[in-house]
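Take a look at these structures.
One chain, chain A, appears in both complexes that follow, with chain B as partner in the first and chain C in the second.
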Partner chain A sequence: MSVCPPYAPFFGFGGVASAMIFSTVGVAYGTSKSGIGIAGLGTFKPELIMKSLIPVVMSGIIAVYGLVVSVLISGGLKATDYSLYAGFIHLGAGLACGFTGLAAGYAIGYVGDSCVRAYVYESKVFVTMVLILIFAEVLGLYGLIVALIMNARVSEASGCP
Partner chain B sequence: MSEQAAIGKLAAQADQSEGALFKLMITALALGIAPLSSYFLSRDYLWNGNTIYAALTAILAANLVLVAYITEAVREESLSRARDKRREPENKKDR
Partner chain C sequence: MGLYSSYYTYGLSTFVTVVVALYLLFTGSGEAFNVGQFLEETSPYAWASTGIGLCIGLSVLGAGWGIFVTGASIIGGGVRAPRIRTKNLIRCIIGIVYSARMSPVPDTLLYTRENYFTGYALFWGGLTVGACNLLCGICVGIAGSTAALADAADPDLFVKILIVEVFGSILGLFGLIVGLLMVAQASEFTAAAPAAAVSPFVH
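Now for the complex of A and B:
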């Protein structure tokens, strides 16, 4: 059982891929679900469309979180002298960011859809919608912070024997 | 007469939506370009290779784009509401 097996980069690249893949799935869900509500609002009040597109923009921010973590992790991957410890750290960081992005996108989708539909009838729903969306987006931010903290421990790994 | 009013309203709406489309494209491009460029530039020139601070800078840039979009949307809505309020007394005078 060596410290630096040749299959260690598999886990590292798995972390890079999962950060991007799962956060994108969440963003796709959030964008499409709130897009349904925006299409419904657009038939009644087209002048409110710019404000009602805020859930879509916030979903895009979640995708940016996944992208930043992917870029961050892939900057630390090496062909040789890459320990299994570093591979597991990178996998954990990618999974943390990916799944929290999935959760955040899911929340943004539901909240965006129903709040945008309610915005047709009551304009005070707008501030409520932005507040709830900020709380939903912060979920993705927490996952990114955990990924950053985990990624900082990679340099602790001793070199390969 | 009502047909002309309807066509005029459609043209005015098309004008508004063209500006909205342009702003949306700018926002989409900024959401893609700003975080990545700020990550790499700040990592190389600002934080001396520290990747955590560079990632935090990228997050800050992405959230700034979001705040700019929200501010612009609220400002445009209040502008269009003021414009509609100014236009309505004129219609009553024409009658």
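Now for the complex of A and C:
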């Protein structure tokens, strides 16, 4: 069992894919669910639509987190001189970013939908909505930070014998 | 299907996996469960072909799902407000299918590190593009259906709700970017210079 088997890039690519796919699941849920609320708000008060696009924008930021981690991890993948250690670290980094993005997108979708519907009746809800959305967004940011720290460890590893 | 359908789905597969694993362990052939051997002995062409198939298949599934969701709302809303029928159908085309840029050029069938790399890259790249397009299609479909219903209520809303759809469609774009990045490093399938297989599991 060698330290640098030829199947090590399988896990590295799995990390890239999972970072993008799982955060996309969260973003899709967030965008569509808050989009439903925004369309409902628009039929009653069209002048508030532009301000209530904030949940959709924050979901897009989660997608950018996933994109950044995917790009960073895929920059470190190579065919030769790639250890299993590097492969599993890349997989872990991708899963960390992906699942936190999934959770953040889910939260943003739910909060965005409910708060936007309440915004029709009470305009003071807006500040509260932004505060709650920030706390939901920060989950994805934590995943991004952990993924970046893990990815930095790969370059410290010794090369293949 | 009912309250316990997820128990059947996850519980049954877990049970079968545990039974198979314990059988292998207790009959002395625990070495047979070897993930590395499986990854080395499967052909890189299998991985690459599966990736390309998933790319196209999942993208088409996402486009179809989005069109179906939006179309149902357009037809339903068109009963009361027939003016929305042509304006909103243009939005169905957002669920486009990204053509497979990932086409391997096979030379000879040999198991080198670079060919393994290419096979895995094409598999995961195709899965990424396909899954992201699937999710983008569903998201744009749902956003489009609510846009159609909002447009039926008030024609001025259509352009504003379109912004939500634009944010949804960038998901497919990001998936395409990541897929292209993954495949960009992978070289074509080439024969090894000395005719040797790098894995002990290949005959």
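What we mean here is this: the second predicted complex is superposed on the first by the 161 of 161 C-alpha atoms of A that agree within 3 Å, B and C clash if a C-alpha of one lies under 4 Å from a C-alpha of the other, contacts with A are read in each partner's own complex, and residues count from 1 in each chain.
Keep this in mind: contacts are C-beta pairs under 8 Å (C-beta built on N, C-alpha and C of every residue); 3 or more make two chains touch, one makes a residue touch a chain.
In this text, all values refer to a predicted model and were calculated from it rather than measured experimentally.
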item: Fit-or-clash call for chain B and chain C when the two complexes are aligned on chain A; value: fit
item: Spatial angle chain C-chain A-chain B, Cα centroids [nearest 10 degrees]; value: 110
item: Partner chain in contact with A:E47 - chain B first, chain C second, else both or neither; value: first
item: Partner chain(s) touched by A:V57 [first = chain B, second = chain C, both, neither]; value: both
item: First, second, both or neither for A:P6, with chain B first and chain C second; value: second
item: First, second, both or neither for A:V68, with chain B first and chain C second; value: first
item: Partner contacting more residues of chain A (chain B vs chain C); value: C
item: Touching partner for A:A118 - first (chain B), second (chain C), both, neither; value: neither
item: Partner chain in contact with A:S32 - chain B first, chain C second, else both or neither; value: second
item: Nearest Cα pair across chain B and chain C, whole Å; value: 5
item: Shared chain A surface residues [contacts with chain B and with chain C]; value: 46, 49-50, 53, 57, 60, 64, 67, 71
item: Parts of chain A lying in touch with chain C, wherever the complex brings them together; value: 1, 5-7, 9-10, 13-14, 16-17, 20-21, 24-25, 27-29, 31-32, 34-36, 38-40, 42-43, 46, 49-50, 53, 56-57, 59-60, 63-64, 66-67, 70-71, 74, 77-80
item: Parts of chain B lying in touch with chain A, wherever the complex brings them together; value: 13, 16-17, 20, 23-24, 27-28, 31-32, 35-36, 39, 51-52, 55-56, 58-59, 62-63, 66, 69-70, 72-74, 76-77, 80
item: Residues of chain C defined as touching chain A within the complex; value: 36, 39-40, 111, 113-114, 116-117, 120-121, 123-125, 127-128, 131-132, 135-136, 138-139, 142-143, 146-147, 149-150, 153-154, 156-157, 160-161, 163-165, 167-168, 170-171, 174-175, 177-178, 181-182, 185-187, 198-199
item: Chain B partner contacts - residues on chain A that touch it in the complex; value: 46-51, 53-54, 57-58, 60-61, 64-65, 67-69, 71-72, 75-76, 130, 141, 144, 148, 151-152
